[in-house]
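Here come two complexes built around chain A, the first alongside chain B, the second alongside chain C.
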Partner chain A sequence: MHGLPPHTKLAAVFAFVVVVVSTPREAMWAFGLYAVLLASVARHARVPARFLLKRLLIEVPFVAFAVLMPFVAEGERVDVLGLSLSVNGLWGAWNVLAKGTLGVAASVLLAATTELRELLLGLQRLKLPPLLVQIASFMIRYGDVITDEMRRMRIARESRGFEAKGVRHWGVLAKSAGALFIRSYERGERVHLAMVSRGYAGSMPVIDEVTASRAQWSYALALPVAALVVCVVGWTL
Partner chain B sequence: MDTVTASPTASLEVSGLAFAYPDGHQALFGVDFSVARGERVALLGPNGAGKTTLVLHLNGILTGGAGTVTVAGLPVGKRHMAEIRRKVGLVFQDPDDQLFMPTVREDVAFGPAAAGLKGAELEERVDRALAQVGMAEFKDRPPHHLSFGQRRRVAVATVLAMEPEILVLDEPSSNLDPASRRELADILRSLDVTVLMVTHDLPYALELCPRSLILSEGVIAADGRTGELLADEALMNAHRLELPFGFDPRSVTMGA
Partner chain C sequence: MHVPDGFINAPTSAVTGVVAAGAIAVSLRGARRELDERTAPLAGLVAAFIFAVQMLNFPVAAGTSGHLLGGALAAILVGPYTGVLCVSVVLLMQGILFADGGLTALGVNITDMAIVTTVVAYAVFRGLVKVLPRTRRSVTVASFVAALLSVPAAAVVFTFLYWIGGTTDVAIGKVATAMVGVHVLIGIGEAAITALTVGAVIAVRPDLVYGARGLQQRLRLRVNGELVDAPAAHPAPAPARTSRRTLWVTGLVTSLVLAGFVSFYASANPDGLEKVAADQGIDQRTEGHASADSPLAGYGVKDVTDARLSGGLAGVIGVGVTVVAGSAVFWAVRRRRTADASPTAVENV
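Up next, the complex of A and B:
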């Protein structure tokens, strides 16, 4: 899993999510099977369940939204424990919850088994516009540099007795943000100069050729294909 | 080796170079000098003397003024830009500007890969450049996890990987602690390449470069042996160049 070329994993996760999303929500057993599929992938990749569950917390805001749905949706109502809930809303909540959780879990697995940098190589290989890939890779490279700059500016502010205590101080913070923007912009210009000096002419040279063999592709695509079978059965039943 | 005039073996020849920025500020007023192959030359000058402007002309990032720059017999201009940029290795002052790729290895590979190298040949080039600056074991590290001195050395490697005719360093010793400074000096001395070093660090210039140029107010004000220039108090004062406290260039005995 960890050793698979990144673009095969990306393609597999994307296909899996598409299949999951297009499964009819009434086929509850299908979602159970999907979860089993993901669990076996996680076992295969030796991603501990705890890690996976912890990362799933990112989904919480969507869960909150899903929980609201049965209360606010229109249509036929049923009584559950004395609460009047909408049937449509219940199905909708289930739909969001099941598909969302499976999608997030698949992405977490991808992220757990692939380095950020490899992901970018994969996206490049999958013909994502090169400009987007370049922007993303610069974000990775310069994120730390800019955070550090921000930290130094904060220390400089505080060293001169400034403390952000309320609305009155927002102006100062806004000016700092502006200064940070200008500094980053100027750094961008200097980086561009350095790139041009080393022969950059609009596109990144290919340093690591990522290629996948047929076996690697079929290994990666086993997950979405299995999911597709489940999905098709779900539609025909 | 000191006052070398234009010759067929010159790595770099600058003649009559003048340049004004679009806002009207004129930075260079006719600069002439040449650097022979294998020489190490320091370019000294106070802030605002036009040093950076001059450096940006050497690989054609700034053009459009009067005069010519020739690198190993090739005129700097639109026609040979790719070749010129391969031949002139600029090392910028802030390594964070120079190292823009996610790992050291990819960064060093950037220049040669842009020139069309790939596969084992590219890998070999990267390994050799990193070995030259003693950073081979940091190959797969992200640049922002290295110390400042290490980043500066990798920055030098990114340029060495392009096998340049001339290495141009902008303030190579700035922000380095004494040990990193000495390590960089050892590396620069060990390289078999022409070096033009832009610096305020006069002892460093004396240590590394037998010959110096003084750029002041957009012209070359002096060109000669570094030790003699630094010892010429009238000249130094005239161009806002000051030696560090307690440093006497006459008392320095150079090592091997």
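Up next, the complex of A and C:
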């Protein structure tokens, strides 16, 4: 799983999510099967369940939104535990929760089994515009540098006794943000000059071409194909 | 605010995906024109900056805090094209690496948060800078207003997308009230932070603020005790082709007005053939069109009961789609033609 070519994994995850999203929400068992499929992939890739669950927490804000849905949606109502809930809203909440969670889980699995650099190579292989891939690669390479710069600014502020308590301190924080922008931009100029002095002429050389054999493709696409079967059965039932 | 999978239905997600891809393609060309070969490193570093600054917490009160969304800031600091690219790349990476925002909802997220905020913010900003006196303070004021409007605009567009393709039928009025209400508040915070940040940058490196270009005072030299204008270091930029743009804007506004308002007063039997067919009874066997239950069927928007509003909205949406499709075709054709005619002039297209 970790060794699969990145573009096959990207394509597989994307196809899987598309299939999940287009499944009718009434077919509850289908989403259970999808979850089983993902769990088997996770097991196969030896991704610990605890890690997967921890990363799922990113979804929490939308869970809150989903919980609200049965209260505000239209249509006929049912009484559950003394609360008047909309049937339609309950379906909607289930729809968002199930599909959203499966989507997040699939993305987390992808990110957990693929290196950043490989992911970018995969995107390039999938014919994303090269310039966009380059921008993304610079963002990822220098993301840590810029974040560290921001952390050092915070340490510098705090070592001078500054503590942001409320709106009154926004000015100081915004000045930090401005300084961070100037530092990022100037670093970008320096990076460009360094690249030009090493022979950069607008495109990055392709050093390692990623290719996938037929067997690897079919191995990667097993997940979305299995999901597609479940989806088709879900529509026909 | 990142939309997860399954929140907006598949067709709407696909359409927004196409819109997002088109906008990114246009931005790639535009950014290359703004930054030439420096695009990749500079836009990459600015994207990293946006990514980092979204983690900078601004305390509000009683333990709550907010953070910057960055669309307006990016547009003002590095220009609309590069801004769209940077925010889109941030969203793309957040979707793939951090599972923040669904993969199928990428189109919705990019359209909403990268394109709408950036374009609205930049349009408002440019307009205000033109009107206000040419000072640094007015740049700050313009950034404030631009950021203030950009966030609710994104909320409105999200509500619109939800109305077309939401998977739960919450009353659209409720969604609109909640979304716009919350985002007006968020917008105020965004506006304050954006204005302060732009002010901080402009105080140190005014040349880096894309939106404040052209506000620099002419350099004056003191020669033998009197002030003289320094000779221009750069040749004056070529005059903008305003006439064509004026024509384009006038045409667009006219067609929007016609489609949106005047169409209501048009004849109920607009098509002669249909009228004749109805009179002669030869339309008995006409079957429903394949798209009869599409959201825009019969030149009305589904679920909107007010006939005037429904017809008008359908017209406006129709004009919008036509303009986008037509421009895409025109753009593709023109690009090929110029590439054939003069390979050297491609840089200037």
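In this text, the second predicted complex is superposed on the first by the 217 of 237 C-alpha atoms of A that agree within 3 Å, B and C clash if a C-alpha of one lies under 4 Å from a C-alpha of the other, contacts with A are read in each partner's own complex, and residues count from 1 in each chain.
As a convention for this text, a contact is a pair of C-beta atoms (placed from the backbone, for glycine too) under 8 Å apart; a residue touches a chain by one contact, two chains touch by 3 or more.
The structure displayed is predicted, hence computed values, not measured ones.
Of the two partner chains, chain B is the only one touched by A:117; chain C is not.
Contact with chain B, but none with chain C, is seen for A:209 once the two complexes are overlaid on the shared chain.
In the superposition on chain A, A:88 makes contact with chain C only, not with chain B. By the touch criterion defined above, A:191 lies against chain B and chain C together after alignment on the C-alpha atoms of chain A. Using the contact criterion defined above for the overlaid structures, shared-chain residue A:201 touches chain B and also reaches chain C. Counting the residues of chain A that each partner touches, chain B and chain C differ, and the larger count belongs to C. Using the contact criterion defined above for the overlaid structures, shared-chain residue A:145 touches chain B and also reaches chain C.
When both complexes are aligned on chain A by C-alpha atoms, chain A residues 137-138, 140-142, 145, 187, 191, 195, 200-201 touch chain B in the first and chain C in the second. Of all the residues in chain A, the ones that touch chain B in their complex are 117, 120, 137-138, 140-142, 144-145, 187, 190-191, 193-201, 205-209.
For chain C in complex with chain A, the residues that touch the partner chain are 4-7, 9-10, 13, 24-25, 28, 31-32, 37-49, 51-53, 55-61, 68, 77-78, 85-86, 89-90, 92-93, 95-100, 102-104, 167-171, 174, 192-193, 196-201, 203-205, 208. The residues of chain A lying in touch with chain C in their complex are 10, 13-14, 17-18, 20-22, 25, 55, 58-59, 62, 69, 72-75, 88-89, 91-93, 95-96, 98-100, 102-108, 110-111, 116, 119, 129, 131-132, 134-143, 145-147, 149-150, 164-167, 169-171, 173-182, 184-185, 187-189, 191-192, 195, 200-202, 204.
Taken together, the chain B residues at the contact with chain A in this complex read 56, 59, 61, 82, 85-86, 88, 90, 92, 94, 96-98, 100-103, 106, 109-111, 113-116, 118, 122, 142-144, 158-159, 162.
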